[in-house]
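Two complexes, one shared chain (chain A), two partners (chain B, chain C).
== the complex of A and B ==
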């Protein structure tokens, strides 16, 4: 069965990019444009990995992460922060990686691969 | 007694005797035996006292003595002679001679006359000194007045009720000749004294105080001023008046605001730019893989995405360029019909892709208009794009329209009305829409668009009015003069 990746990102162009990239590499991809939608989708689909933008229309990324951590079923899901904010390394300290936009495609795929199996 | 004395007498014996008497009293004495030689000697010697007997073997030479007086020397003239000559002398010289002494000369009379002469000399010297000092004072005062007037600050002198008692030239130019009016009335159009008045503080403690104020000139312009106050003391050292010196620092504040906004802008933009670059990366990835997978659907999606991103980046870069550079408009005469046609061409595809009906009405012969076509067109497109966004974001209605009406107001105004039945704006959005970096569109907006558009319209000497209600739609009316206002643009 394909591994599942959940993308939480509010820019549709970036969502399209990530979706296509992950699908091309053999993953099943779900995407949410807001934090609330992201939580709902995570609870429903139980993804193997989540990519998270820090600036979302309804909520600030780190708060989403706290909500995620408070859910026993989801708290061990690896999260990769992909954001345009500088210094994002410290925003979600438990994230497995923090990438700054625009990110290096090969690097992202490598990190995903390392954390998903 | 001391001083220099010239004796003019034909009777040399008497003159010698007088000289002996006077030298004994420490006078420096010279003798001339004829009035005719006297003139030249007086010029050279400049004696303080002249003792003269106009009576001699030659005819009375009053004329020469008169010439001596007309030299306007400091010399005091004392005439001594036999009684009838003395009387003639008195008639002739009147008060031009200091004293008249009868011959034979009594020593006490001579002494008193000489004392009188010395006293007069002293008084005249004092007078001369005083008038010299008065002249210096006048010059100094004129210089001070000139300084006061030419200082590149607004200076007022105020009494304890804050009534202005003196102002300098720059103040008069920008705030009028308002002697006797209250400071707070002139500067701030108030009816009561300001709180935290630096002049009041100076009256209180006699020290200098500094504040920063915003004042309004007689033409209604607002200036940021840095004020310094200082006490002015009267002759009894009482602090009866205060001086306030205000330096106009508006240009510095404007520059500071501009720099602050620039910093803010770069900060907020870098995030947006990073997002766009990521999306552009995405487009390129789709394009690459679309071609290599021979997937035409993906390739065309990729192409569309790259196109959109390039458009977004182009727009953002243009806005940054507009904002970072004060730029003079480049006016051209443009046919209004042609302008509207070119705008419609750009906005029509995006309106129809969202199923929005674009209705345009334009008068039969709208004529020419003087504008900077690039910027003015961009500004109008921006307003229209906002209308498209307002319609496409509105889920409450099925049918959407944008009405773009062009009409003429009076003889010299061309107006562009943009009306939509989109989502509308609440009061807060309406108030903030033209401020820098305000965006109601989340990650899609830079917050520069309407700010810049509004600036462009104002730079054209035009006005923008807005009406809007939530869920019903918005109406913008942009009116600009047909001929250019030629106003220099200040970016903030």
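== the complex of A and C ==
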């Protein structure tokens, strides 16, 4: 069974890019354009890994992570922060990695593999 | 709660994190925001030549120059101003902390928002182990709460919903509690009452026993109940914790662990108003430098308003 990745990102171009990248590498991909949609999808699909943008239309990434952490089933889901903001490395202290846009696809895939394969 | 916000800025990238929070507050809480910038320090009394605080250059001051700076400020924050309903820009000449305090006395804002350290940002600030002197002086004398954002990560929250009130049980902390409780009630936040038991005073090889430490924790928890919980009335969304360790680190750790989006604390808690120390107190100062969320510091005079 394919491992599931949930992309939470409001930029359609980045969503497309990540979706193609992950699908080409054998993952099942889901995407959400907002934090609320992301939480709903995470509760429904129980992803193996989440990529998280920090600046979302309805909420900031750390606040999304707080909600995720309060769900017993989801709190240990690995999260990779992908953001263009400076200081993103420290925004979600329990994230498994933080990447700045533009990011290196090989590095992202390596982190994904290390965490869910 | 926040109807008038005074955002004191150097209009450089070191204030960008503070700007993110200030503009978010203005939009979220429908507040009027005054963007305030001290453009220059006079080179000598009554001189028209000032040192521009942003560039460090000596410039001759006239209305054109003032208008130019206002326009630069408007352009610098253009993207955020576009989403803000009520705003104004003011500039002044003089020593930054005096001018910020002066306009705060006139404008009577509900809160002053500023960056933690303008000249000594990032790692340099940590090497110096001090916040910016303008912040220190404003925080010490302001008649309203001062919200400071030192790290970029502290600006990624958007609003307040989960608040830590850190106390050392001093009288100054009482003023901070009044403000924090008003805020959590008004904004319907979760409220964390937190005390850090200082164990740093112990000498090497002379640690207290664990029984002693746990007795102190129990005593502090009782004090939290007696001093603060007894004043919460019907408010039930609260939690209490006492952690032992180095106070500023425990406060920062607790806030990080609970994913809190605001820390409220008093500063200079053991000094009298007459003390002329320029620093704001080492615990508050270190929390300001290290926290992953905005920090509101409150001095004694706020509680007397």
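General remarks:
Operating definition for what follows: the second predicted complex is superposed on the first by the 117 of 117 C-alpha atoms of A that agree within 3 Å, B and C clash if a C-alpha of one lies under 4 Å from a C-alpha of the other, contacts with A are read in each partner's own complex, and residues count from 1 in each chain.
In this text, contacts are C-beta pairs under 8 Å (C-beta built on N, C-alpha and C of every residue); 3 or more make two chains touch, one makes a residue touch a chain.
Keep in mind that what you see is a predicted model, and the values were worked out from it rather than measured.
After superposition onto chain A, partners chain B and chain C are found to clash with each other.
In the superposition on chain A, A:20 contacts chain B only, with no contact to chain C. Within the superposed three-chain model, A:93 lies in touch with chain C and out of touch with chain B [touch as defined at top]. By the touch criterion stated above, A:85 is placed in contact with chain B and with chain C alike. When both complexes are overlaid on chain A, the residue A:105 reaches chain B alone and has no touch with chain C. Legend: residue contacts after superposition of the two complexes on their common chain; A:59 is shown touching chain C, with no touch to chain B. Superposing on chain A, the segment of chain C with clashing C-alpha atoms against chain B, chosen from 26-34, 62-70 or 206-214, turns out to be 62-70.
Comparing the two interfaces of chain A, the one with chain B and the one with chain C have residues 55, 85-86 in common.
Note for the complex: chain C touches chain A at residues 17, 151-153, 155-158, 161-162, 256, 259, 261, 292.
Residues of chain B touching chain A in their complex: 270-275, 277-283, 285-286, 289, 298, 301, 305, 308-309, 442-443. Only residues 10-11, 13-14, 16-18, 20-21, 24, 55, 57, 84-86, 100-103, 105 of chain A touch chain B when the two sit together in their complex. Looking at the complex, you find that chain A touches chain C at residues 54-55, 59-63, 65-66, 69, 85-91, 93.
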